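Quick one: structure below, then a few questions.
To keep things simple, chains are lettered A, B, C, D, E and F as they appear, and every chain counts its residues starting from 1.
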Amino acid sequence: MRLAAPGFGRLGHARQLDLYFGGGEANVAASLANFGVPAEFVTRLPENDLAQACLRELHAYGVATDHVVFGGSRMGIYFTETGAVARPGNVIYDREHSAIAEIKPGMIDWDAVFEGAGWFHWTGITPAISAGAAEVCLEAVRAARKRGLTVSCDLNYRKKLWKYGKPAGAVMPPLVEECDLILGNEEDAEKVFGIKPDAQGYLSVCKQLMARFPRAKKIAITLRGSINANHNTWKGVLYDGNTLYESRQYDITHIVDRIGGGDSFMGGLIYGLLTTPGDCQRAVEFAAAASCLKHTVPGDFNQVSVAEVENLMGGNASGRVNR
Amino acid sequence: MRLAAPGFGRLGHARQLDLYFGGGEANVAASLANFGVPAEFVTRLPENDLAQACLRELHAYGVATDHVVFGGSRMGIYFTETGAVARPGNVIYDREHSAIAEIKPGMIDWDAVFEGAGWFHWTGITPAISAGAAEVCLEAVRAARKRGLTVSCDLNYRKKLWKYGKPAGAVMPPLVEECDLILGNEEDAEKVFGIKPDAQGYLSVCKQLMARFPRAKKIAITLRGSINANHNTWKGVLYDGNTLYESRQYDITHIVDRIGGGDSFMGGLIYGLLTTPGDCQRAVEFAAAASCLKHTVPGDFNQVSVAEVENLMGGNASGRVNR
Amino acid sequence: MRLAAPGFGRLGHARQLDLYFGGGEANVAASLANFGVPAEFVTRLPENDLAQACLRELHAYGVATDHVVFGGSRMGIYFTETGAVARPGNVIYDREHSAIAEIKPGMIDWDAVFEGAGWFHWTGITPAISAGAAEVCLEAVRAARKRGLTVSCDLNYRKKLWKYGKPAGAVMPPLVEECDLILGNEEDAEKVFGIKPDAQGYLSVCKQLMARFPRAKKIAITLRGSINANHNTWKGVLYDGNTLYESRQYDITHIVDRIGGGDSFMGGLIYGLLTTPGDCQRAVEFAAAASCLKHTVPGDFNQVSVAEVENLMGGNASGRVNR
Amino acid sequence: MRLAAPGFGRLGHARQLDLYFGGGEANVAASLANFGVPAEFVTRLPENDLAQACLRELHAYGVATDHVVFGGSRMGIYFTETGAVARPGNVIYDREHSAIAEIKPGMIDWDAVFEGAGWFHWTGITPAISAGAAEVCLEAVRAARKRGLTVSCDLNYRKKLWKYGKPAGAVMPPLVEECDLILGNEEDAEKVFGIKPDAQGYLSVCKQLMARFPRAKKIAITLRGSINANHNTWKGVLYDGNTLYESRQYDITHIVDRIGGGDSFMGGLIYGLLTTPGDCQRAVEFAAAASCLKHTVPGDFNQVSVAEVENLMGGNASGRVNR
Amino acid sequence: MRLAAPGFGRLGHARQLDLYFGGGEANVAASLANFGVPAEFVTRLPENDLAQACLRELHAYGVATDHVVFGGSRMGIYFTETGAVARPGNVIYDREHSAIAEIKPGMIDWDAVFEGAGWFHWTGITPAISAGAAEVCLEAVRAARKRGLTVSCDLNYRKKLWKYGKPAGAVMPPLVEECDLILGNEEDAEKVFGIKPDAQGYLSVCKQLMARFPRAKKIAITLRGSINANHNTWKGVLYDGNTLYESRQYDITHIVDRIGGGDSFMGGLIYGLLTTPGDCQRAVEFAAAASCLKHTVPGDFNQVSVAEVENLMGGNASGRVNR
Amino acid sequence: MRLAAPGFGRLGHARQLDLYFGGGEANVAASLANFGVPAEFVTRLPENDLAQACLRELHAYGVATDHVVFGGSRMGIYFTETGAVARPGNVIYDREHSAIAEIKPGMIDWDAVFEGAGWFHWTGITPAISAGAAEVCLEAVRAARKRGLTVSCDLNYRKKLWKYGKPAGAVMPPLVEECDLILGNEEDAEKVFGIKPDAQGYLSVCKQLMARFPRAKKIAITLRGSINANHNTWKGVLYDGNTLYESRQYDITHIVDRIGGGDSFMGGLIYGLLTTPGDCQRAVEFAAAASCLKHTVPGDFNQVSVAEVENLMGGNASGRVNR
């Protein structure tokens, strides 16, 4: 559950908070379902009206939740405020002791979850929450691998999480090892694995990641240029071991909500790889355009259609009114 | 009636809609009344509280509505969402079967309407709605011409309208033929009349329009550069058959609401032509400044004063607080 | 789509409208899905973002929409304002020419719709909209009957609808004839069928309805006492041909939103009849308690749980905070 | 300008204020214009955007403002909060030094104002503001009398005003002497003129007022029973020197906004006396019903139609939804 | 931190939440500071912007926070929705693992806290949160007693708390034993201590409590009659071992926010006992009137002045507008 | 009290106003208190709920108000609207006859105020309001000087104030003469003292001010480049008689609220000079960074922490989300 200070107001002065639901994996699921790809979100939630509201929102986007398990006493919350100009956005995490943080191996029947599924995606936020969540993530990754699913991850390093005693660098490697597709940004690679770009820039990051995690067939990197809190540049690259496919770069001059930007890239990338499997250039362009558009809508979930993404991919970034 | 998704939210996710009244001709009337020029709006409205609300809003701006006729079962609605960066604004028209769409010749007593009037303005949105609306528009234009009123039009081509079977290119010519002043943009001229700019650019569009509609003594064109949905450039030109008068160009970097922009240009142009009849340069500068300012206020109607327009025409675009 | 003036404001003075989705049959489906009964809503919607928003809302409540067909140019709208004290609530219908109003027989594949279904419910609002909607309703009722579904209806007479030339009294009988369960209120029975209560009061209405429509095995009547726009009394009765089962009467002193009250009664009644088939008393109590609670939440859809309904049925109407 | 704490919030804790325009005489003018009676409001306003907003609102209701004079530096403001249960509503007046408070005799050309007019209404709030406002009020009353207009007043005693040195009891008599119709409540009569009811109750107040102000042909009294801040009873009486006509009493159980209640009674009374001159019973019933309905809408101005008032006068107070 | 669904909306459907700060002891401190009595609130808060917002709100009411200690990772939250008619209000507690729940003895320097203080108040909510909070509460009570402060408590039984393994009946007695003044309601006494009223009603509860906790010189009981969620009756009694002082009973017909009602009674009672020490009747009347008024303002903190309370105590419950 | 049209709406069309408290000196006090420097605000306020709200807000920020005196009948108000692009922001002052405007020498006990104080700050807005306010300001400045406080001022010229008959150029000199630190912008210096920059630019302004007011040991100037109403550049300089210390320049591309910008600079400057007394470069950098951040939060008061200012001073202007 995200509780956001309205407009450009600050959390320390808010009188009302806007309520959204979101989170790394949920955002990717919502993107995919919204694009028409069957998607399911698996988590653990407490039994209360707020958890029901979360399920309702996922259902509204078309995300299935049949294997959500119930228990624990609270849902993870994060409080956000939107940055402006030189004032950074801020996130206060209140995820400790949430139902998902207190999950234990065995609580989820991964065989049932993966029945009929083709792809499993996880993000680095889950193993950052608690040792239990990390163990369950590993359990899931291995079950997915065993059943032959494609496995993808977003490294998603969050400095303010990772408080339960183990560093990201110790927990992440066995999880990432099972992945076919790894998404990160330059900061993630450095903070989690100590991988720094050399003169080749992000190509070198792709190569180093692929060298370290040889099962990965593709590495994707998002590249955000933070001119200020309202104005970013944005592009992505996809490396298949041979070629580095680069999307066009977008100049996002009046950001509405950048939270979920990386997840919408991942949603777009999976959509692209599923719908035109061999076409890496199209996949990375779709991902970049989809996530560029995500920056223009409020909330964590991307709310744009395939047609809207394709219109932008086609080069129409003029923003003229459709009428 | 315009129902707009608040802020940068999307229509498909809105929980509240902002309610405005507007429309091509009404917007011009509101501009003029707001500048102190007596103006009246003529239309057909159903008998219900929403129509009364529309009249109330027009009266608030000082627009007379004495010759509005009542009947039909609904008022035309359009739903809008505001674009951001690379996401275009969107309009969903819900104007079919509105009271004005079901208007028939004879329902309005144009002789009574034009008693004492000096100028009649119509836009291409009216004949786009229905065959009946087009016929009544022609009836009005001819009645106006007969009584010696100045007649102006805004071509205002809207792809999503024009659904009743006749194309714009067939319906518009006899209407435009009666006009003394024609306003359009390059897209309008091409979509309605197949007129494309040659090497002379918009000057050639003016010349071609004037050649085709010889009764027109002046042609005006608005020039919008869509950098993205938040950031446009904006200027206008006015051609009197001899000289092309160009306004300064405005850089509108943080658009608040661009709907009604062209109408506010027309309102400013008529104001300029009425108040300093021979001064085409002043008229086009007033029109461009007035419509630049329209982009900074929410809703269809322009809310700025003559003094504010003149302050901007005078070159003060710094936006410093008046205090 | 319902567009409601916020708070106790009037439609003729509103600057914002609250957006809800609702409608007779949709409200019943939402009630049932919310209580955990699989439910599907079948209609015709245009292809635009507002229709997608409607589907999203239905999915949020768990209502399936797999057999919705798309076409037409607009979604039906109704505008509402909430009454206060001696000022009645008001509804402005803007449903003419909606996608559902322009439906024609054959557009919906009722065999596919009814595959695996056990119950079909319709309301008197659908045949009131247009001749086509009435024909499709008859088509549906007969298909349902043929496949052996239980068929129920809510007479739901709305004076402001029924404008297409045929009176309710002519259109409704063949539709109602196919029903196993008929819900109405005293006004409906009189306005549609000319059935007036005699000295036996609503029992006589039940008996007359059953006499006229012999296939009906149960008649239900809701009884609203309008003390004023904020304060109503509310109860329901269910007659099975032998016994009149009466619910307790609720004193609803501070109504939040009474629209959808009758539909929530029907949703509760179907739930009761499905879950404890032989227990008419429980069914009518469940229906009355569920719809009493509907009056306390905003929007057309009932948002209360089975546990909350049962708590009220059990006699706990004190409204003490649960903490 | 009224600035109101939203909902049941307190002024000392508000973060936003709702903006309305209102005031004793303006409210009566808005009632009359809204009922279709030509009405004009005369006052003095400063030259700024807030005053323009005030004029816009009056025009929206159809009130003419052709003789408003401009000058001074501020518009009078009053801040309000809505009471609840045992907590009274509160008003903070900030009207000192307003443009109207600083008005002087001669600033308004009453001959021009009264050209073609038939009725002049003033309230006790105007002479309470300043000596100048009292003098101008006297100037107006005498000019009206001289031209043969019907003159009415509402005594409207406000303890928190009357701060400029002269008591109401000294200022009001020469003003009231000129009136054909006097409206008050029991408190007004006592606080301004020391008139107390005897055993005959409000009839005796009418008689005493008529004895003291023999030019008055009619006396009206509003009778509010304050059960608590949300729940009042309300009725009115009209005395013509012979008969005391009493309206039915309304039980207003869920007040939305009671400010302007007395003014809406006066508006209804004048409407009644103008439209059915000899029918005092109808006039007082219309006034009572109109002002009962005023309690159900937010803001100072009454927003109900003649048809709605007549529906209530006819005995339909059930508040059933019109649909 | 309280996060409340706006209006009568439900938590499971909210899109925005109103943010208040409150809690048993904080509410009493805010009442006292608001009445002009120096008051300080002692707790443990995390170091983040939300905790700063909490301190800001306390300071706004004049409550000192000099001895608040910082640590832990989260602030306790409770989510609320307002009941209506037969739908009860609801509270979802999310207080586990809050900074105050993880407090340990020794973290607060009670000697420093009590320097110069005369009265210490605690409520049953604190020991309900965690074993640590209960231990610190005992530490505080004993330190206060040792330094000769008057100690009061509000039993405040909350069924949804008390989850850490020890029942209220085991934890509360040693805490309550130290108190000079005990406040409860009939349910509290029964649920915590198994004390049930006999034929003497609440007098017997007072006597039993005093017998069990002989150090207590006064027992107060609040008596809420829940007619429904909007309409309660409310009074309080105070027993000094000899006489039972009863306040008048208030009929709260249109509740705005009842959360904090008991705390505002306690704040009023302490105010009364401090300002007119021997006058139990005045104290209980002040407490009852203050808390009656609390029901008419949103949020946990009472926002009414001593003058407003005294006006109500004086019998003026008419709610007439002050103007 | 500031009443602001929400969003980019205009005052002449607003239906709600956002309520803030602010003013030149109060804003500086709030900045300092927010940074942890003990600060007190001295003024004269009326005795009403709005004045209490003002005190509450100051207390929330930690500003002491122990020497505020009460009297008069109103609090000064200013109405604001936010500019956009080429439309300037606007302020309507309604400060005449406010409690502070009607202050007289002797009303404030400056000896008591300055007991224990080290610094006194005033702005040119106070002597602009009324002759009495100017006299009390002089009284204060001289008392502060006499007790050895550091005295600073912000020239803060406001064309729309200064209406009581004496020009700024006559009133300000004796006040400014007593100051150790003078802040202004180029316009202030010219409008108040006729000081214009020569070829040395703002350095020459500093030198001329220092020559004219020799007691001043430091002159600060803020330099705002108004590209348009949303986009300004911003920097400051500090001159100590020898060296001109220049801050970096900030490019504020998406202004949230620029009102209070200069005051937040002054607050930052005093903070810098107090915490690292000899380091002029740090002080001006802190001031510029603090006030750059002020432009990103709504309301007059700066809401950013020392850590946030130092982060920006350190060169991190990327606005990346902290998570």
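Definition applied: a contact is a pair of C-beta atoms (placed from the backbone, for glycine too) under 8 Å apart; a residue touches a chain by one contact, two chains touch by 3 or more.
This is a predicted model, so every value here is computed, not measured.
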item: Least hop count linking chain B to chain E through chains in contact; value: 2
item: Chains in simultaneous contact with chain B and chain C; value: A, D
item: Same or different contact residues where chain E meets its copy chain D, judged by the half mark; value: different
item: Chain B and chain D, separation of their C-alpha mean positions in angstrom; value: 42
item: Centre-to-centre distance between chain F and chain A (centres being mean Cα positions), rounded to whole Å; value: 44
item: Residue numbers of chain A (touch at least two other chains); value: 10, 12-13, 15, 56, 90, 254
item: Set of all touching chain pairs, with the criterion as stated earlier; value: A-B, A-C, A-E, A-F, B-C, B-D, B-F, C-D, C-E, D-E, D-F, E-F
item: Residues of chain E that touch chain C when the two form their complex; value: 7-10, 12-13, 83-91, 93, 158-160, 226-231, 254, 258-259
item: Residues on chain B engaged by chain D in the complex (per definition of touch); value: 56-57, 59-62
item: Touch list for chain D against partner chain F, complex; value: 3, 6, 10-19, 48-50, 52-53, 56, 73-74, 77, 79, 90, 92, 94, 96-97, 163
item: Partner chain F, residues of chain B touching it in the complex; value: 250-256, 289, 292-293, 295-299, 303-304, 308, 311-312, 316-323
